[in-house]
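Scrolling down, you'll hit the structures one after another.
Below are two complexes that have chain A in common, paired first with chain B and then with chain C.
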Partner chain A sequence: MASSIATGSGGHDALRFYLTKTAQFILVLATTLLGLIAVTFFIGRVVPIDPVLAIVGDRAPPQVYARVRQELGLDLPLIQQFWIYLKKAVVGDFGNSVLTTNPVMTDIKNAFPATFELATLGTLIGTLIGVPLGVLAAVKRGSLLDQFVRFIGLAGYSIPIFWLGLMSLLLFYAKLGWVPGPGRIDVAYSYLYTPVTNIVLLDTAMQGQWDAFWDAASHIVLPACLLGYFSLAYISRMTRSFMLNELAQEYVIAARVKGLSEMRVIWRHALRNAAVPLITVIALSYANLLEGSVLTETVFAWPGLGQYITNSLQNADMNAVLGGTLVIGTAFVVLNLVSDLLYRLLDPRTR
Partner chain B sequence: MAGSPALSEPTGWRAWLLSAEPHSRWQARLGRFYLGWRSFTRNPLAVVGLAIVLLLILVALFANYIAPYSPIVGGDLRTQRLLPPSETFWLGTDDQARDIFSRIVYGSRITLFVVVLVSIIATPIGLLVGTVSGYLGGWVDTVLMRITDIFLAFPRLVLALAFVAALGPGIENAVIAIAITSWPPYARIARAETLMIRNSDFIAAVKLQGASTPRIIFGHVIPLCLSSVIVRVTLDMAGIILTAAGLGFLGLGAQPPQPEWGAMVATGRNYLIDQWWVAAMPGIAIFVVSLGFNLLGDGLRDVLDPKAAK
Partner chain C sequence: MKRLPKFLLSAALVATMATSFSAVMAATPPDTLVQAWQMDDIISLDPAEIFELSASEINGNTYERLITYDIKDVSKISGQVAESWTVSPDGKTYTFKIKPNRKFASGNPITAEDVVYSLQRAVILDKSPAFILGQFGLDKNNVKDKVKQTGPLELTFEVDKPYAPTLVLYCLGNSVASIVDKKLLTQNEKDGDWGYNWLKTKYAGSGPYIMRDWKANEVLVLERNPNYEKKTPLARVIYRHIKETANQRLLLEKGDIDVARSLNPEEITAVSNNKDIQVQSAPKGTIYYLGLNQKNPNLAKPEVRQALKWLVDYQAIADTIMKYKGEVHQNFLPKGFLGAETNNPYKLDVAKAKDLLAKAGLKDGFSVTMDTRSVPEIMGVAQAMQATFAQAGIKLEILPMDSKQALTKYRARQQDIYIGNWGSDYQDPNSNADTFAANDDNSDNAKAKPLAWRNAWDPGPLTAKTRAAVMERDAEKRAQMYKELQKAVLDDGPFVIFLQQTEVAAVRKNVDNFVLGPSFSDNDISQAKKN
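Up next, the complex of A and B:
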């Protein structure tokens, strides 16, 4: 944006440049989060459910109704209500869930690690397979492998994730028996370890419960591969296009003329330059997986944030829905902006 | 479809279309369209995509003639429940003894309804926000783009979920929710195009002739932004279908007994292991249709927006 600031080369200017960038970053983050909170607040107000009635029941006398209404702050002007909502949301107070009677934040803290575990593993699979595939497709442009990568990408953009999840359960669980059914860990193992981080793979490994670890691993492998596939579809397609761009640059020709091996030219020189935009892509796909987990978790009965939101939705538990939306939204916004920031920091051309 | 390659000079109507000196605006427009069509049909995958989309439209239009059974009223519950695919029931029957093929055929209407309505709502919003923001600049630009960025940063499905939760489940609310979350990219594209158009000479000429700002935006800027935005909308249609199907799968889209494909997959989930076709068939329909829109969008992009193609 404000690239004219950085024309000077002194350390003072560079510092000022980073300060301006950081200030801009914080401002963008703050306005976006404010917008997010405003939208969830707005959604909470248009809900046809009367929150007072939900508490007092429809046979309460008018005085009780009026008192509860006042206690909930619903008699205040809208802008004041928003201010209260905002103050609470900032410290993570989203009220209590009707369904579990816990504070929504406690529920979210329990559910988030499961989603985090799944999305992280998915992104890891997608990156480790997607980047090499994309590079090979760009190097061997037009080959069978290139067509294959194109097909994987297209299918990934077109297949409904919940349907592929069901079909993979049908094949690998029901027909082949390779993986256990839906769920996070077998009940038999669930008392063998104490949840510390709530990331089952980490907890069981740290406590040396290897049987439980392998059981958890066999449960996560199918949903993680599924999410991994969707992230792979996106990452390999973007890697291919970045690499094609880099391989057409003059420095690649120069490196070849210098007599460097093709391996070195591709993996050390070209990929290194393609890596900067790739980081953005990987962060974006990670953010998408956090969101995509809503459907995957429903299919695999995975006790994460997505399932929490859908369960609450079906029970008209608005506090829980809005709290969950806000948390996923915040993670999404932060990941988006961090990827943007990383791009600017790592790529000297954007300075 | 692709005519034989013109080895000699084109003759007849082709000569008229390819004429270097068109005599009317219409001739020039048709000529450009013809050239675009020729480069479009050179891409076989794009033609496949177009065929799938046309098929969807035809099936939706003539659903009552194509479907052999009613999509809502089932057959005999004792003898025709959950039957495997056969000659009488091509894709089997579901738990209410309804013919799955007929339901998929009628479901195409819902899919088309969602896609068309979302594009009709979201495209004008995006175009208007983007062109006004880009043309006027200044604080209007800052405010509008800030709002766009906020909406762009939202997770789409989760936000649609929250909206549907607030408005109540149903296909119309799903459409509104998806439309609210899909206009921001169109605004960004329209703004980028407007910034390039804004300073061109012909806009200065129109301005000197005394055209008002709305006239310039509606009459001159928006038509030039249309092609890039249309390409983006077509590419998004697969995503719209998938989001709508996802909402349906979660029970938040079209309500039973409407034959919505996502909701049909959700029903099939209960019979997954023994009666796999109940869940599998509607899912294949979703896959084929979104694949069609993706292929068509890729093809259109190559023709209309060669810069973005890679």
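Up next, the complex of A and C:
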């Protein structure tokens, strides 16, 4: 596909397109992040929670309290605090988390891969099953299969995820014993490999620790399927409606008149066109999962970003909240860019 | 092409099955105790900084202090690192002799030098719990003169006033006074930080277990200390952070963990019917109370304070919402403390409360707000009180909020009523008397913020009496003084104390010697074993 762009619309144009796109991307990323920092920072400072308490606790004597307050720079004017924070943030120093005592970036390097691993698997499951299901439902509109897909979609929308999570644990872990209990990997295996990427499946596989790999895989199956189900519910519904729209178009009739097989009409022509808006849907659903599904992470004791940020927020650990928010913001912007680029690949009109 | 979806579905199914077979459901290993706990409160493992419940328990099982006490009878104080001690006739100098030939986990010998280093370090680092030692007149500038080595195995500890010796000893038995390995810490010191940045996440002690690894919000691993004389039967103990209590129950019933620490009342009831699980409990030094802010003109009336104490259905709360979590207790000293009163004179008596309100000129009741942390149990108790208050015409408005937010407001004394709990900092009655019955400065910009201050209450002569009790060296007389203080607060103080906390743990039956003590640092797993 990529080569067809370069040859099809001229190398020069393509180059200019990518240059503009890159410049745009950097600009959008910078303004988004600045905006995010500003909003989160000021919200963090106006909430009626005393951040010093999170560090020294309720019992600290007055002089300890005063010293920490000063160390945090909380006695300075708000604008000055913001400026100091910004200067540090630019060079990648987001300060230390109060709760874990680590630099925020270290924590995020641990938490984000956990979420990333889960979200990616979830989105893969959701897309690989959701898109074909949606297509079939649209083609066999009104059939039993269609009703079934719509039911699955509706259920995925309306059942609270924590309930489904607990129930699935009860069934697959407690009753059937197919999967292990909550957690990311068994403690016994967790010391067999050295975390490099912090994506456990990747780390264990790269280091040839196959027992640990299978243990991690058995741990991720259930939460990933659960998240997969939720994105499947959304993706299949959207696919169905996009496909219904496309199937009613004149070019589909033309294709059929031309005598193309039904297979070809559906999968090559209609789906190809429906794929353009579908990309956005999938990217959005992926971004949603990347934010860290707090409830899923809590139910499955998954040490991901969602749990990290929620926990930090509840403890007024603002450095951690700010750092986490920035990571999510970046993920959003990057995914947006990727879906923009895919648009261009799939839809010649945008070139 | 048409078969693609079906293929994918079956592929996914096969993948699920394949991985599930590898999930071998072994029970926990026989030499390892696995516990599930909500332990996201740990912020540091440096004894000079530890103040949180979970970290206190870890400290109790991994470090030693000069002295310790019998957890069945806390009045029995004995030496841990210390072999013996004497108090000078003027009551200001304590001389400790250290047990000879003992080693840290690192292999370094435990000497008086380490003890002196540890105590000086805690005072100089000046973290949250440092006041427990600082209250004896020790600070950064004088601690090197006050805590001195006088021999290879001997040291002196000097206090500024002739305090009751038990107070001093209990404080030296607190986690902040844990003995750390000087040699090891000196090796890991950076820019004169006394090894603090290293020790926050590492270990330098001599207790029954070694703290091997801590991953915040995930897992903490303890391992047998080979240099400890009374070797632990277990090779290791693993604490898993499992936030969801329903999961703790599942894991426990399945045998993937041995102990569940954070179950709620319904879950405890459910697992207590399981023949493989026993439920253990112990009273803790934490009490639940309402703080009535005396800045509110209605709450400032003595009759109103009294009336509210008659408007709580103590027994119903203990039997339902707080089942397994607490028992009725109305005095500020928890059971088990020197001089603790156990009489609970108040019960729900609406008629009596109405009389009192009428005397206060509030026959038709009044409206008042209560800052309430959005924690299920606290909300539940608040709602129960709302119902009983209403019977006497008092309209209680519950303001639900985040706990840190509620605390921030409380510390600025801007609440009407605050529903809170207070855990003792150390095993001596002064810890609670100092906060419930004393307030040296009731002005808005006072430096110290004891609970009496936070409720804008000037306890008058009680402050002086609290200070005097600290100096009383006769235990009998001292106990009597605390009984009088408790009576005064019970009768007239702005605190409606209603419960003493109980800690419950659900333990699999094959685990022996899992001991819950009177405080979290006394929860003892050093002799725990599995059959």
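Everything below uses one rule, namely that the second predicted complex is superposed on the first by the 259 of 351 C-alpha atoms of A that agree within 3 Å, B and C clash if a C-alpha of one lies under 4 Å from a C-alpha of the other, contacts with A are read in each partner's own complex, and residues count from 1 in each chain.
Keep this in mind: contacts are C-beta pairs under 8 Å (C-beta built on N, C-alpha and C of every residue); 3 or more make two chains touch, one makes a residue touch a chain.
Please read all numbers here as calculations on a predicted model, not as lab measurements.
Undergrad: Based on the superposed arrangement, let me know which partner A:Leu128 touches: chain B (first), chain C (second), both, or neither?
TA: The answer is second: A:Leu128 touches chain C but not chain B.
Undergrad: Which partner does A:Thr298 contact after superposing on A: first (chain B), second (chain C), both, neither?
TA: both
Undergrad: Touching A:Tyr85, do we find chain B (first), chain C (second), both, or neither?
TA: In the superposition, A:Tyr85 contacts neither chain B nor chain C.
Undergrad: Between chain B and chain C, whom does A:Gln314 touch in the aligned arrangement: first, second, both, or neither?
TA: In the superposition, A:Gln314 contacts both chain B and chain C.
Undergrad: Does chain B (first) or chain C (second) touch A:Thr325, or do both, or does neither?
TA: first
Undergrad: With both complexes overlaid on chain A, does A:Leu169 touch chain B (first), chain C (second), both or neither?
TA: Touch partners of A:Leu169: chain B and chain C.
Undergrad: For A:Val47, decide between first (touching chain B), second (touching chain C), both and neither.
TA: both
Undergrad: Once chain A of both complexes is superposed, is A:Val187 in touch with chain B (first), chain C (second), both, or neither?
TA: Only chain C; A:Val187 stays clear of chain B.
Undergrad: May I ask you to decide whether A:Leu99 touches chain B, chain C, both, or neither, giving the answer as first, second, both or neither?
TA: A:Leu99 sits against chain C, while chain B stays out of touch.
Undergrad: Show which residues of chain A both chain B and chain C reach, each in its own complex.
TA: Of chain A, residues 47-48, 166, 169-170, 174, 298-299, 314, 316 contact chain B in one complex and chain C in the other.
Undergrad: Chain A touches which residues of chain B in the complex?
TA: Going by the criterion above, the answer is residues 146-147, 149-151, 153-159, 161-163, 165-168, 238-239, 242, 245-246, 249-252, 262, 265, 268-269, 272-273, 276, 279-280, 283, 286-287, 290-291, 294-295, 310.
Undergrad: Using the touch definition up top, name the residues of chain A that touch chain B in the complex.
TA: It comes out as residues 28, 31-32, 35-36, 39-40, 43-44, 46-48, 154-155, 157-164, 166-167, 169-170, 174, 241, 244-245, 287, 290-292, 294-295, 298-299, 309-310, 313-314, 316, 318, 321-322, 324-325, 328-329, 332-333, 336-337.
Undergrad: Touching chain A in the complex: which residues of chain C?
TA: Touching chain A from chain C are residues 1-2, 4-5, 8-9, 12, 15-17, 19-20, 22-23, 25, 29, 34, 40, 43-44, 51-52, 126-131, 134, 200-201, 213, 215-219, 221, 238, 240-244, 246-247, 250-251, 253-254, 256, 402, 404-405, 407-409, 411, 425, 447-449.
Undergrad: Under the definition above, what is the set of chain A residues touching chain C in their complex?
TA: Going through chain A, the ones touching chain C are 47-50, 53-64, 67, 98-102, 107, 125, 128-129, 132-133, 136, 166, 169-170, 172-174, 177-184, 187-188, 190-191, 214-215, 217-219, 221, 225, 263, 267, 298-299, 301, 303, 307-308, 311, 314-316.
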